[in-house]
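These are the structures, in structure tokens.
First chain A sits with chain B, and in the next complex the same chain sits with chain C.
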Partner chain A sequence: MKRITELDGSIRFFSYSAVGGYEERRGPLGEKFDYCDDSDKFGQKTWELSEAEMGRISLNIALSKAKLSHEEIDILVAGDLQNQCVSSSLGLSGFGIPYIGVYGACSTCTESLMVLSSFMNSNKEIKYGAAITTSHNSAAERQFRTPIEYGGQRTPSAQWTATAAGSFILGREGNVAIKEYMPGKIIDGATSDGSNMGAAMSFSAADSILSYFAETSYPISHFDYIITGDLGKTGSNLLCDILKKEKPGIEKFHIDCGMLLYDFEKKDVHSGASGCGTSASVLSTHFLPLLESGELKRVLFLSTGALMSPSSLLQGENIYGIAPLIFLENINL
Partner chain B sequence: MDISLKKELIKKYSPKSPVLKDVIFAFFVGGFICSLGEIIFYFFNSLLSVSEDTSSIAVTLILIFIAAVLTGFGIFDNIAKYAGAGTLVPVTGFSNAVVSEAMDSSSEGLILGVGAKIFNIAGPVILFGLCSGILYGIIYYISLFI
Partner chain C sequence: MKRITELDGSIRFFSYSAVGGYEERRGPLGEKFDYCDDSDKFGQKTWELSEAEMGRISLNIALSKAKLSHEEIDILVAGDLQNQCVSSSLGLSGFGIPYIGVYGACSTCTESLMVLSSFMNSNKEIKYGAAITTSHNSAAERQFRTPIEYGGQRTPSAQWTATAAGSFILGREGNVAIKEYMPGKIIDGATSDGSNMGAAMSFSAADSILSYFAETSYPISHFDYIITGDLGKTGSNLLCDILKKEKPGIEKFHIDCGMLLYDFEKKDVHSGASGCGTSASVLSTHFLPLLESGELKRVLFLSTGALMSPSSLLQGENIYGIAPLIFLENINL
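Presenting the complex of A and B:
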């Protein structure tokens, strides 16, 4: 069976938004965020609710940009990093829209867009659907690592979980279409080091990219960029090494969202940004506007996810990676 | 791809921690904290004529207090980021581990939040510290009869 599903080009980005926190505002893409809260709290008492509120705000902004009421959205597909995806359920409960929660760790952005476009492809009556992805640094630190104020040193390969949300309203009009999607495979990352997730995920990104080009008839030059989610410096170097050996030349097209979100001079994010909000917010603030304006015509977009839990790491299990892929094109060029 | 090849690649591309820099920072910050402890000890023992045992307890209490306050104001982790073992090994590290966990879990309630989780990180120190104490006590007790 083919891994790639081709779409007819009728599923388009109708509207999108990005919301972030203090560090995201200070980053190179800071001014392009629709809203940033310097307290990272979004008016809430707990970090978990802050993440939920961030998702709610981002969907509201995307709706207002599209001049749509929430009642016109037929389906929501959303995910985050919290246990049982509770951030999405709490944050989106008030909208009263049929909802599908997804978990792909940091690959959630691409996964949710893939699931949503699959729904919209099979049911043409769905006029608008929304995909929402959130991650919050403090909520993630608390759940996956140590308390927020705990004083410790991080290794240079460690990454900084983004406090960011991205919402995408897909419709039947717009310039940028999702042309194809391809689910990722669960690939062994060969390490149980939770501070080296970029390296662990790089193998899944390599698998998806190489599998895509093995199956498709498009040459590499058909695309402007091959965008990965949050491999950071370590994971990007590793991925480029694999790509160089397997398909020379392809590594020149690679760019990583985790390297674009923060200013490495201002914030010691070590290897770069991580968290599912990274690829969602960078897609929304950087790549979609470039595709809309025509500066980019076609890109492959793969958010990369590290599949693990704090317990599985303590039990010595390896981190597994996953990298679903979507092909985005400005079809009015 | 073969697992051993993957492991090799990870080793090749994972940057190493700046050990020399970390050790130098740890030495000076840890040294500063210990010197501060000596000053507090001198203040109680020599200036206020408090007994040695009580002065030692005062040193521990004051260092714990300072680390707890710095943790509460969100300053401790910024120092520890550079100091590493320098702030972790003295009693300041223990204080930070307890207070930061208490702050984090306070949103989950006093009993099942703070009460249940306060020693999440400091727990091993308490458990194995107690075990070592008991073992030392037994050896000491036996040595009295030899």
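Presenting the complex of A and C:
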């Protein structure tokens, strides 16, 4: 089985943006967000529409930064956590751009960048395409667990779903290229505990990382970081335990977006950030600027998704994880 | 904007299968299904797991017909209508094949074939990939409307969600090639009536068909049929009204999978079949065999999706349609 697709380096990050809410602005990356709405509402009357509007704003900002009109974008690839991914379809409907909806739970950011790369590699006439990922704390909590107004107690392994959107316009110019991509496998997370997604996803992250190094000849030190999406403390510890055992030393390169978005002193987020907006906004506010500036040269980036629904959990099914991977490089260094 | 991607004809249908339930066996295509379970349960204890198992069986049958092991498949692209697409992730988890989850509502069959083609075109080392689509009447009705046990009255424009799965193994050999693909745009369906999906989707089908002929130089007669997914009677009539006005004569080439799956005399399906299993199973049982045998040479195939969720409908949002398109040709004629 050949999992990795190599690209020629011509698919690059042309522009990107991050939009967040109140907690995201208060976090350590807060100043790097392009726009935050402290009400988390983005002028809308429901949390679901707030998320849709956040995604729309995020794409508009990425377009503005790129000095591009929406008519210059040939394809959108997007996804979110709402049932039937309506945040993406409602929020992006007004752009009139051909659309591919993806569902990968919190792996959406990497998945959408991978699918978009594939479309752009398959058709060299596509000059620009965009990948958009959103999650909203209040929309997600009431859908997956309980409405936030209920004030339910959360376990230590629980994570805080980010109110965040990340939009990425890929083009043929820029410093940072997507060099390779590798889809993830659906891996049994060995738990049905909806408050411990990090644990459930850690096995899929381990599978993807170890498979990647098994299929390639790169030494681990080829990369500055191996970045996971939203494993949080619990999941990151589990992942590092597996990596230490299977390929000692590799765990030192691991860093998790779910540990970077919030200030653990200021805000009790328990195990860390989660939601597909986590890896999307941390890629946009933190890792891409570091790659652009040359502080980082090469990273492996794996958003991590927990494949389950409230019904599947109530019916006693395990949570399955998935961790697609992309290899990002500043090719002008 | 360049919407159409042209392929070199090397991506072909290598094997395919269709699995259904009681009503599907009783329909005019019943004998062409590879397997039907009259209980609609596929040995499972919940409708949700029944759908997952139906998808698993369907891929296994396609593998058997191709004399391939699951280890020879490099990538799966799949989707369904269940919240968070758990039918696909649970049903396909056991294969251990790298996985791309898509969400396009009832446009999933065409969307997944398009995404798979893009991955295979982008990486010529992928010898085989599979696209899987499922929908289940009882799982969908209780999620989107009311449990079937409730016995609610249905309106004349309502459709019958198919209990059906279609699996397609694409390879580099076979008579029928995917020649082109074109993603759909998200088009406002101008209704929020969850019992009239056909109407909501008709505008997106019209947009895709008219855009396709505007971008290409093919005469309409280049194709034997222009096939839509599940517009049903109401949606097909609306589509033909639009086509008659915008490009007279083209409406004569239109045929809808939602009108072919059930016998309207035997079973009161109201406006016709719906659900993403409709176009998947009708492609597998009807159109692909006709293309293979040479009775058809070229068709345009557009599964049609209604982008909405029960929450978005309750919140008064319109239903948006999407209609990705693929051009299929028997290249050995």
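As a working rule, the second predicted complex is superposed on the first by the 333 of 333 C-alpha atoms of A that agree within 3 Å, B and C clash if a C-alpha of one lies under 4 Å from a C-alpha of the other, contacts with A are read in each partner's own complex, and residues count from 1 in each chain.
Note that a contact is a pair of C-beta atoms (placed from the backbone, for glycine too) under 8 Å apart; a residue touches a chain by one contact, two chains touch by 3 or more.
Worth saying up front: this structure is predicted, and the values here are computed from it rather than measured.
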{"item": "Touched partner set for A:322, first chain B, second chain C, both or neither", "value": "second"}
{"item": "Partner with the higher number of touched chain A residues, chain C or chain B", "value": "C"}
{"item": "Touching partner for A:188 - first (chain B), second (chain C), both, neither", "value": "both"}
{"item": "Partner chain in contact with A:153 - chain B first, chain C second, else both or neither", "value": "first"}
{"item": "Touching partner for A:238 - first (chain B), second (chain C), both, neither", "value": "first"}
{"item": "Touched partner set for A:296, first chain B, second chain C, both or neither", "value": "neither"}
{"item": "Contacts of A:203 with chain B and chain C, given as first, second, both or neither", "value": "first"}
{"item": "Partner chain in contact with A:46 - chain B first, chain C second, else both or neither", "value": "both"}
{"item": "First (chain B), second (chain C), both or neither touched by A:103", "value": "second"}
{"item": "Shared chain A contacts, counted only where both chain B and chain C touch the same residue", "value": "46, 48, 188"}
{"item": "Chain B-touching residues of chain A, taken from the complex the two chains share", "value": "45-48, 142, 146-157, 188-191, 196, 199-200, 203, 206, 233-234, 237-238, 241-242, 268, 271"}
{"item": "Residues on chain C engaged by chain A in the complex (per definition of touch)", "value": "1-3, 5-7, 46, 48-49, 71, 74-75, 79, 81-86, 89-90, 92-93, 96-105, 111, 114-115, 117-119, 121-123, 125-126, 143, 182-188, 307-312, 315, 317, 320, 322, 324"}
{"item": "Contacting residues of chain B [partner chain A, same complex]", "value": "1, 3, 6-7, 9-10, 12-18, 22, 71-72, 74, 76-77, 79-81, 83-84, 87-88, 93, 96-97, 99-101, 103-105, 107, 120-121"}
